[in-house]
Each structure stands twice: as structure tokens, then as C-alpha cells.
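Scroll down for the structure; my scribbles are underneath it.
For reference, chains read A, B, C and D in written order, and residue numbers begin at 1 within each chain.
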Amino acid sequence: ASDTQPGGDGGTSGAPAPSTVKVGLAYDIGGRGDQSFNDSAARGLDKAKSEFGVEVTELEAAQGETDAQKEDRLRQLAESGHNVIIAVGFAYEKALSAAAADYPEAKFAIIDSAAPEAANVANLTFAEHEGSFLVGVVAGLKSKTGNVGFIGGVNTPLIQKFEVGFEQGVKAVKPDATVQVKYLTQPPDFTGFNDPAKGTTAANGMLDAGADVIYPAAGGSGAGAFEAAKAKGAMGIGVDSDQYNLPALANVKDVIITSMVKNVDVAVYDFIKAVKDGQFKSGLQVYDLASGGVSFATSGGKIDDIVPQVEEYKEKIVSGEIQVKDTK
Amino acid sequence: MRTLSARSVLLGLAAPLGALLFAVLVCALILIVSGHSPVTAVDSLLTSASRPRTTVNSINSAIGYYLAAVAVAIGFRMKLFNIGVDGQYRLAAMLSAALAGAAFMESLPSFLRVTMTVVAAMLVGAVWAGIAALLKVTRGVSEVITTIMLNAIATNLVAYLLNPDRLAEAVPGSNNISTRPITEGGQVPGIAIPGSTSALFGLVFLAVAVGVGYWFLFGRTRLGFEIKATGLSESAAVASGVSVKKMVLLSMLLSGAVAGLIGLPQLLGSSHSYALDFPPGLGFIGIAVALLGRNHPIGMAFAALLWGFLDNSSTSLDIAGVPREIVLIMQGVIVLSVVVAYELVRRYRVRAEQRDVGRALAIQKSPEEVSV
Amino acid sequence: MSGGLAVGQQTAPAARRSRLSPMTYALIALGALLVLSAVRVITGAGDLTSTGSVQAALTAAVPIAMAALAGLWAERAGVINIGLEGMMVLGTFGAGYAGYQWGPWAGVVFGLLLGVLGGLLHAVATVTFGVDHIISGVAINLLAPGAALFLSKQFFADAAGGGQKQSPRIQDAEKVSVPGLPDLLGSIEDKRWFFVSDLAGILRGLTTQVSLLTVLAAVLIAGSAFVLWKTPLGLRLRSCGEAPVAAESLGVNVYKYKYLAVTASGAFAGLGGAILAVTSGQFRDGQTGGRGFIGLAAMIFGNWRPGGLATGAGLFGYTDALALRGSLAVHALLLLLAIALVVVAVWQYREGAPVLSAVSAAIGVLFAWWYFTSDGIPPELVGAAPYVVTILVLALASQRLRAPRAVGEVYRRGEGK
Amino acid sequence: MSTEPPGGEPALAVELTGITKRFPGVVANSDVNIAVRPGTVHALVGENGAGKSTLMKILYGMQRPDEGAIAVNGSPVDFHSPADAIRAGIGMVHQHFMLADNLTVLENVVLGDEPRGGLGLDFAAARRRIREISEAYGLGVRPDRLVDELGVGERQRVEILKVLYRGARILILDEPTAVLVPQEVDELFGNLRDLKAEGLTILFISHKLDEVLSVADDITVMRRGTTVASVAPEETTARKLAELMVGSALPVPELRESTVTDRPVLTVANLTLADADGRKVLDDISFTIHAGEVLGIAGVEGNGQAELVEALMGIRKPDSGSVHLAGEDISRLSTRARRESGMGYIPEDRHRQGVLLEATLWENRVLGHQSRRPSARGPLIDRRSARADTQRIVETYDVRTPGIDVHASALSGGNQQKLIVGREMSGNPVVLIASHPTRGVDVGAQAAIWDHIRRARAEHLAVLLISADLDELIGMSDTLAVILRGRLVADYDPGTVTPQDLGSAMTGAGRDAE
């Protein structure tokens, strides 16, 4: 939690509000409907669309495409008159740095990456580790066996941020607790985000080994983990959005005690709004606990008894008293 | 390898063109049924075709696809199905990227550096394919299984090595992770194309060279002949003094070596490091392209270009509101209709050939039964 | 092409020597189990023989086995089916579409039917048009996912609980247990006795909470064995894969049986996909994750026989389950493999194959060394276990694999020589 | 014409009238008329490609005639598939075996007409049925063997059993004797006579005219797709028949003055080879062939000839024994090295070992010579001279083809064989290993091939000749040996030996080696 208010180092560009805002959004692989951060971004887009009535175009990335193809996607958006362009996912780093330079009048944003730095690029990153720390605290407090499990969809640094934060949170309240860790697939095999069956198997393994809380940061595979938790009367922790309220997970909602909410939708919405109001800020904007970019959900009321404790930890993180690691 | 007659040239052209036409019709139908306008689709295809950047990107993609196709085709020529091209090139790209990026390389002259990278990639690819070959000749294990398995194993191996404690370095602030970036001297400069922001990969010449080598191998050399013969009839090859085991080893190693090259144009021309987002899956595209190009050096080149173009114009379709999965469907339809057309033409060829045989027989015999 | 070159295969008459008596098989199984329990005791990796592992192994194995069975039907009739993956994808979609509206069994049926469509397409291309079997399969692997995703956006995007890339939830199929047994076996398993507890664990896994879909799969495998080898239809179908012209000369309509076989193949692949989707509780884009190809491998592994492919799928499912459930068991696998390899070494030596014996011994020692000098396998490598094991088993089991004689060949009536 | 049935006789078993069948550019049959009397053996003779197989395939419903009518037992029929023909009581034994190696004899026999019991196939009933028939005609077929494990003789009997199993009353046998030795042939003819006695009708195709004369009641001669004559055996001779077929004399390979020198070229000592089950397929084989000598080896197929040849060519590794070529020990050399040191090889199965069916003629000429001029220069293939030399072979060996760029599959087996002989004779070899060099080849082509071998022999070529055609063996060989169960059991002087002596020695009935 290095800097605590969004847009810490970015300077407001004096650019006046563009007459008409035309938003182009380029998804990462998975696109709209991935039940993960792409969907979250989509929600933000939809909100902006309905509130400001802005014109939007959504484009999807394909499995196995090159930087050149991503760059082409961004350029085509710019060429077709989009002046607010949002790239979802760090995979757009290179593509964006090339494209943004050629369209200075357009405003770009990239989700989940601190690079590239440019006058017309906003880098919207999230402190997933901080949010994960808090749900780790929840897990630690709620676990009776002192044994909890983390399931990562695909073994990437991004997902590892969830893991390390979670583990640190658990240990903070139960130093001697066991945290089981399993990644479903290794990159570039990204099926780990789409294979509920694997999620179930992994979760069962952890539950059989004594875990009673499972935290799946595994996109669509998470549903499988929750199924397992439900079958064995264990607890689950949602990720990315408040999954307790996700229709797709209605049948397992009662095992979801909390969720690590990563407000990509907020970030996207804010960004569009900012540009529309002529408030565009370039540079790094960390969405962390302090700024409410990440948080823990309380829907379902399963953790009402411990909310105060969790809030304490939140304060400590915000105040910098607790430093949450984001890498192993 | 037959002498070109006017007929065979004509037929050679008839097949792909007719097929393409058919494919377009089918796709138009799909579009209409799914409530999209074929006109806008075709229109956006044409615009993207006329856009230099897209053209260059298409060719750049095609370079990788072509290399992949050649790697697969070498196996096909002797009935070896190397499904493992994918794993071979990913492992090769990753390791050669680590080598090319290594600090000690920076002192070396650029040419030597690139050469070492290329050689390393070929070696890695060959070794990975060699495992399958070895198991095949010593234990008769079907290369279909081993290469499928080795693909998965390669994935795990790469993931293991692509780790800050090993061959990778974490870029602070980034969620990506990659091998140490290859500095100027280790890269292969692209060829700037007027009107296009992306440059043509310098290693396009490598692909051309590989294509020529492939043609020469099977058209002119003894090794190529023996590989071909083994593919056509193992027993006849053995009786003719061909060592099948040797051929399996050689062709699989060759296939693997070429597979090792697949990632290099992208790596040395654009990515400059092997990262999480390095394009996977080219090995499988290679299978489709090889079959589409019927293992022919030129045919595969056209197939690769077609594939590259379709992949790179999918964004234009996307913008025009044509969902990208329709592009997948198109590709499938094209593959099918092209091969169906080829098959029909081939049948016609065979009949024609027999007709010639018949005439020859008739003439050499007495004239009376020439009258059909 | 999965027939491929004969090089490297022992040309010993496959028939006689591969016929082991049930007794022998039983003994081998017993020996394997003894070793397994020994390793379990030494390493303390209870997961090796735990109920959970066995259940997970079954769930993982079933879709693969169905894909393998699909491959079997096609290749026994002489048609290679690389398109299994694509047909499975169609199956997953079908199951998603019907499953969430009318329940799991409707899903299974619907997935099967969509698989049939894929099979028919493959049949038209390969049988009617005589297209190269592989390329037709590759094309289907391109078409099917595109079509499935396209349809899923059409039908699931606005369905409650669905999304553009996933169906709403599907009820899981009924699960059954052998009454009484679970608790009894459970108590024995918990005792952690050598062998007895292990046996109990495995049996419990096989008798507790078994999905009816798993039962269905088992029935279909046995049924296929019967139909293909004990009925006129099966004989005719296989004759099309061994010697189509001979079949033609006896009045068998080769086209008909090839169509039938490839369609059935599509049905089984679709079913495999459907079962995957139902047990996963939903259709998801890209959910098959290469299981079709693994199925193909399992079929070859199983020497184009139902029992064999079931073994292959089971072995893969088991190791895959271990790898996913935790890392300890996979570490224990090292020791297991080491022992197995040494056994093979001894056996091969007595068979008179000193080189092979030496090689397996060497690898065995290597594994043992790895096991004893490490307290775990790097997590990135754990996932490779099923693939490595498959290769090792194939490499060490002596090769008598025999593809149908005419597999992959294009047949046309009245043109046989 | 003897095809007019005298009044009062029963209807003709088969009557083909005006049958015409065109393949692309080829008239396989043009206006063919044949009448087959019931309860007779009716022979059909003609050179390769004369149209015999096609005609029979038409009668059997495997191919449809473009014109003409077929009548069976007096009533007109129209077959769409073999199934129809089988229903009409017709059965056919094909020129090339129609068996699935990977299936059992039982499965091969019942295929398409399976006895059903309960849910599935009634194996017990099938087994019973097969045993009955097998005993009734002394075929000695074992139902549960894998066809893979059977020799040609037994395969041939399985083929016949297939036909009988379907209760065929009209049997078509297309070149059934091509692969049989005299004793097997006699057995077969014995069976045919029994069948005839039971009132079955038999259509019989063969290139061996003396056989035809001995067994046939009527003979129809075909030539270039049409029937040129119908004769009764008692009114004709082999020579006359041959003239009707090709208009040329039947070339009986008569003996020549010996060209044998005393220079040993191929010396084989104590060659021994065991199969997978440890059974000795080659048992202590020793012989020497001198320059200009033809050593003929007679034997019932499956007594080790194939293994011997493959051992000599280095395709199989013998367990013990040595092979010397012109004094050089080549026991350790690879197949290619042996070929390069001057061994030519005409394999017994041209489609398996001789040609690449899907490659052009000139590429087939390179096959086996890919490391030598004129086909190759160093590591490269020399296309120009390879093509030139292929042209030469096509001309000198009269290979009937429109050019050297057509695929070998487009040539008839006979013509494929000529190409192979020409290839193996090129680059004048010192030893020629020839297995059945004229099998299935018509009389004209036979004569040509024999001449070429003789000419080479006159120029000191040493030849190992293996053949099932005893006349060929006796006529061509300077020395004759008989192989039985992997051992050379007897030597004969071709000058004095008769086919019958050989036959009995081949089946182990004869006196032992002197």
C-alpha cells in the first residue's frame, strides 16, 4: 500500500472535456462473460453507457495472438474515432505503448499494469494482495481446523498476488495455520480459469486434507470449488466481485462467506467519467483498500460477528502499519 | 514431382479457387442466418486487406504458421504425425530467448549472437522431438501419444523455468513475467513498410530459406527420397535398403529443428523476450496449414498467408459487429471445402491418368477396340 | 495415421502372447496394490489410496474414457477421428443448453445428439468425399468451438445465471452408494492398516457416491466390447477397418457401417462432453481443455480395445487427480515409479532384454534419488505427472499395439484391387 | 459354338450375353458372350488385362456392366452388389486374397452371413458349420486360427470355404492356383471334382493352360476384352490355346547349353534363423552359386523361401551362418550395402516390396538404386539420368505405359513386374535373387522376362530362382534344390527331374537328398 490515493503521481491534463465521448474497450482473453475481471470491466462500461449514454465498442482478444494484433486492435479503435480507449489486462502493455504514442488526442487506460508511462495513458492497477489479506483474516478467524486452501486458476504473478496476500492475512490471525495452495494449470495453458471440474477436484483434495475454508482465485473454475465446499459443508470465499450476489452462483451462495472485491468496474467507470468531465489523470492509479478499489464483501451476513476485527486490519493496512507483500 | 501440363496447372488452380468461393458462400449463409450482413463482413475484410498494417501483420503471422506447417509436413511425408510441434517450439522459444537475453551474450557480435540463438532453438526443438522419435524406434511407442504428452510436459517445464529464481526476471510493477529482454545486438531488425506502423519480420528470409530447403530436400536429395519412400511403403523401403529407424529419427529431428524456429521471427523481431503472453498454439495451426497446403512448399505458403489474413482481419470484423467466433467457423469451413475440392479434382486426375493408360494400351494393341 | 509406421514394434504374433489369464491379471493387480500400500505407508501419502482420490480419479477418467471409446468406434471401422475434441465441445454445449432447462439427463441426451451431428459431418467428409481423415478432424476442431461459443452467446447471455460463455447451472446427476458398505469401509480405511485400509479406501471410492453417469460410462464400455466383438454388427464394422474390400466382396455395405461407426463415435464424444459439463455443473467455453486428445492417446494406449482404453483413461485420471488434490501424493509417486521401474528391470532382464533392463533400472534409481533428496516436487511440475507416467508406462510395457489394418485409408466401392 | 445347349438339357447355369464394360479409356469387356452348362467346370483363359477378372466381378455384382444381360439358371438377373449375387447362389474366390488378417478364420468365413443366437453372433453354430464343410470337402480348416498365421495354401482353402459356407451353387475361381504347388493344386482339383459331382457349377480362371486342360469341361478364350473362342479340352492343346490367346507360341523354357563357370559368386554357409517363437524357419542352409549359374529352389510356399531371401538381402538378421559375395563376407552388411555390392532383388510380393504404387515410374526406378548412378550423384538424386534410364527400361522391357510420369498404381500387375525386372537388371548385378519373377504375368511377358534373365546369365550373372511354377524352375535352372521346413532336403538335375519328383520331395514324400 505504497501510495494511498488514486492517481497519486499522475498530473491532471488540462485537456477540456471532449465534445463527444466514444469509448472503445479491448478485453483480455476470455472477454465479456469470463465471470472474472473482464466481466467486471464490462459492468463498469455498461454503467457508464447507461448513465452518460456514451457510444461504446467492445473488442475481444483471441487465444495466441501477438502484440502486433493487440496493437492493431487499439489502433483500429482510435482510427474509428474512439477517443476513450480502455485496454483490459497487462498483456496490452507493449501494444498500448506503441499505439498511444501515435494518438495523443485519445485517452487510454490499461487495467492491471503500471506500464507504459505516457501523457495520455492512465495505468489502473489494483492492490489484490491487500484485499486478499483481509479475506485471509476472515478465513483465519472462521476456520475451525486452522487449515485453509487457496486455489489459483493459472500460475501467474497476478494470481500469486492473491495467494501471498491471503496467506499473510491468515497467518496474521492464526500464525500456526496451514494454507494449502494449488494452481490448476500453468501458463500458457489458461484453461485453469474455465475448468470447474478441476476446481472441484482440487477443492476436494484440500477439504479431505482438513481445510474448511477455500479461496478460489480461478475465474470460472471457482464455481467447481464452491460446489465441493457446499457438498462437504465447508466455507468458500469469492473473488473479483461480490460473488454472493452473482446469479450464476446462486445455488452455492450460502457457502460464500465473503468475497475479495476487485472494483475493476469502478475503475473503468471512474476513468470514463473523468475523461468526460475533462478530469483525465495520466499515470499510475492504484486501486487499493484506502481508495476502496479493493474491499471485502459482507453480503449474506455470515461474517458480521468478525467485521470489526477485519476492519481493524484494514485500518492498519491503510495506515501503513501492516505492509502486505505482493510477491513471494 | 510431375512435369507441368496445361491441364494439371489448370486443375491445380481450379481446386483452391472453387473451394474458396464455396467457403465464402457458406460463410455468407451463416452470417445471414445469424442476422449479420455478409456485405459489411466482406467490406471490412476488403478494407483490412487494403490496410498496409494489416497486410504486414498477416505476413508476419504467416511466417510463423509457415514454419509450423513445414515442421508438421516433414513428419507427414513419412506418415509420422508430430502433434508435438506446439510444445517443441514453445520450449525452444523460451530457452533460446533466455540464451539470447543472457548478459554474457551482449559482448558478442550481433551476427554470432543471432546465429547462436537460431541454432539453440533448433537444437532444443530437435531434442524435444527426438524423445518421441527415440521411443518410437526403440520401443515402438506411437508418436501420436508421446507428442501429445510432451506438449503438456513442455508447458509445465516452461512454467517451471519462467520463474525469477530460474531463467526469468519479474518486471517490477508489471503483472507479466519474462526472460531477460534481448538487447539491440541480439534482435533481428524488421523491414519498414511504407504506410505500416509494424515492420515486416527480418526473419521472413529464414522462412523462405526453410521453404526452399524443404523443397530441395524432398525434390532433389537422397535423404528426402528415402523419407518419402518410407512414407509411401515401409516394406518397400526396407527392401530397397532404407533404414526405417534412421529415417524416423532423422525426419523427427528435422521436424523438431524446424519447429524450434517457429517462435523466432516473433521473438527476435518483436517480443524480444519470452513472456507469459508469448503466442502459443502455432503448432496446431501448423497442422491445419500443412494439410491445407497439402505438404507442398508453395501450397503451404499460400495456406499460411490465407490463415494469417483471416486471423488479422478478425478485429476488423469484430468492429463491424461480426462476432469473432464466426471467423473460427469460416476457417473450419474453408479447410473442409478446400480439401473436398482437392479430392474431387484428384479423382478427376486419376481418371484422366487411367484414360491415358487406356489409350496407350489400346494403341499398342490392335486398333479395333479403340472405338469406345 | 494413428496406425502409422510399424517400425519398432515387436512383430511377435499379437494374438497368442497377449492373452493373459484373468488369474494372471488378478495377481498383477494384487502385486500392484501391495506395492501401492507399501509406498503409502513409507511416504505417509494417504491420498494414494484414499476414497477421495479414487472418486476424483473416476470423475476425471470418465470423459476421457468416453472420448477414447469414441475413437475406438471410428478407428475400428477404419476412420481416424482427430475431431474428438471438437465433438466433445459440441457435447458440452448441448448438455448446457438442455441441462439447465430440463435436467441433467436431458443434457446428456442433447449433448450426445450434438456429438452425432459432429460425427455425421466427419462421416460425410471422410466416407462420402474421401477427404483425408486427419484434416477433416482438424477442421471440426476449428468449427465446433466456434459454433459452440456462437450458440452460447445466442442462448446463454440473457438466461438467468448464465453468461456469454457459460450456461446457467445444471443439476448434477444422481449419485448412488452401495448401502451399508461406505461406513464399514470408511472405518477400516481410517485404521490406516497396511494393505487392508488401502483396499478399503479404494473399494469405498468405487462404491460411495458414484454418479449414475459413471455407471452409464462403465456400462457403455462393456457394451461396446460386446457389440464390437460378439455381434454380427460388430464383426462387420471391424471388417471395414481391417479389410473393407473383403467385406464388400461378401456383400457388406462398407459405407453404411463406416457411417454408423463414425456417427456412434460422434455420439460417444458428445456424451463425454456432456458428462463433463453435467459433472462440472455448467457448460463453459473451453472447458474440454484437450481431453479429446488425451482420449485419443488413451485409445492407442489401450491397443484399440475397450478394456485397454479404460485402463489408460483410469491411469490418467488417477495421476491427474493426485496431482490436482495435492503435491504430497505426487512426490510419493516418485518412489512408486522407482519401485515399478526396478521390478520392470528385473522382469526385462529375465525376458532377456539387458539393455532395456539397464535403462529402466537407471531411471528407477534416478527417481528414487530424486525422492529421497527432495521433500516435494516443484509445484509447476506436479501437473506433468499424468503425462510423464503415461509415457513411462508405454515405453516400458513391451509393444504389441496393433492398429486396424485399413485405418486412415480412403475406401471407394468397386475400386479394390 | 459349343454353347448351344442340345434340347432337353436343363437351363444354362450362367449365360452372359453382350456384356460390355468400359473403364475410363479402356474397354475391359466388349460384347462378351459366355454360356456355362450346369454341373461343369468352365475355364476362362486370356492374357493379363484381357478382362477376365472384370467379367467375373460383373457376374458377381461387384461391378455393373454398361451393356448386356446376365441370366442365372435360365432367369435374367440384375445384381447391384455381391449380396444379390450371393443370394442367387453365386460365390467368388478372388484373384487377390480377400481376407482380413487380423480376424479369425471363423470371422472371415461368416462375415456378412452370420448365424445369430440370443443377442449376438452364435459362435458355436458357426464353428460347427465350418467344421462340417471343412470335413465334407477335406479342407482341413481350423476356425479359430488368426488368418495372419495361415500360409497361402490354407488361405486359399479358407476362401473356398467362404464360398461353400454361403451354399453357393455357382463358384467363380479367379487364378486360384497362381500360388499353389502341384500337390495343393491336385487337392484343389480333387475338391472341384467332388463339388462338380454334387452338381455345382465352377467358373475357373488360370494362366496355367495344362491345368485348365486337365480340369475343365469347357474352355472360353478371352482376348482384349472379348471372347475369341469356346473350345472343348479334348479338341485342343496348350499350344493351340496359347495361340488363341496371344497369337504367339507358348514359350516352354527349354534348356540351353550350360553357361556355368567354376567361379563361385554367392556362397551361403550354415544359415540358421528362428522365428519369434524359436521355431527354426531356416535350418543350416548351405549352397554356392557360380557365375553364370541359375540355382532353382522348389518348395511349398511357407517352407522358408521368404525368410531365406530376406536373410540373403539383409532384411532379416540370421541367428548364425555366413553369406559370401565373390569372396567378400557380406554377412554383416546392410541391405543397401549388399545392393550396392551388386545384388539384384525381385521380391515375391511386388505390391509389398517391389514398387511404390503412389509414386511415378521414374521414382520407382530410383527405388533401391537411390545411392547409385545413374539414379543418384552423391547425396543428390539425378533426375535427368534417372528419367532417361527409366525410358530405356520402359522400351527394352516393353512396359505398357503412356509415360514415365504416371503412378505405378495405374499399371497392371504384369507391367509393374516388367518394370521391376528391368530395374533390378540395370547396373548389371553380379547376383539376382528372383522370387516368382513371372507370377501372375501373362505368357508374352513371361517369355520376355525369361529371355532377359537368360541373357544376363550368359554374361555370368548368378541367379537364385524361387518359383511355384515348376516348369519355369526346371526350364530355367542349372541346378535344382528343394526346401522343406527350412532345410534344403534334395538336389536334382533339371535335365532329368519331372514336376512329380519335385512335387513329392517338396511335400516330404520323396526320397532324401543324394
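Worth pointing out:
Note that contacts are C-beta pairs under 8 Å (C-beta built on N, C-alpha and C of every residue); 3 or more make two chains touch, one makes a residue touch a chain.
This is a predicted model, so every value here is computed, not measured.
Placing every chain at the mean of its C-alpha atoms, the farthest one from subunit D is found to be A. Remark: subunit C and subunit D have CA centroids separated by 45 Å (rounded to whole angstrom).
Taking each chain's centre as the average of its CA atoms, subunit A and subunit B sit 37 Å apart.
Centre-to-centre separation between subunit B and subunit C, using Cα means, comes to 29 Å. Multi-chain contact residues of subunit B (touching two or more other chains) are listed as 152, 156, 159-160. Within subunit A, contacts with two or more other chains are made by residues 155, 185-186, 189.
Pairwise, the chains that make contact are A-B, A-C, B-C, B-D, C-D.
The part of subunit C that touches subunit B in the complex is made up of residues 1-2, 4-10, 125, 129-132, 134-136, 138-140, 142-147, 149-150, 153-154, 290, 293-294, 296-297, 300-301, 378, 380-381, 383-384, 387-388, 390-391, 394-396, 399, 401.
For subunit D in complex with subunit B, the residues that touch the partner chain are 22-27, 30, 49, 224-226, 313-315, 334-340, 345, 347, 352-360, 363, 366-368, 370-371, 376, 379-381, 383, 400-403, 405-407, 410-411. Contact residues of subunit A toward subunit B in the complex are 57, 59-60, 62-69, 71-73, 75-77, 80, 90-91, 93-94, 98, 102, 112-115, 125, 155-158, 161, 185-189, 284, 327. Subunit C makes touch with subunit D in their complex at residues 10-13, 15, 226, 230-232, 234-236, 238-239, 242-243, 245-253, 402, 404-405, 414, 417. For subunit C in complex with subunit A, the touching residues are 47, 50, 52, 55-56, 59-60, 153, 157, 160-166, 168-169, 276, 279-282, 284-287, 289-290, 321, 324-327, 379-380, 383.
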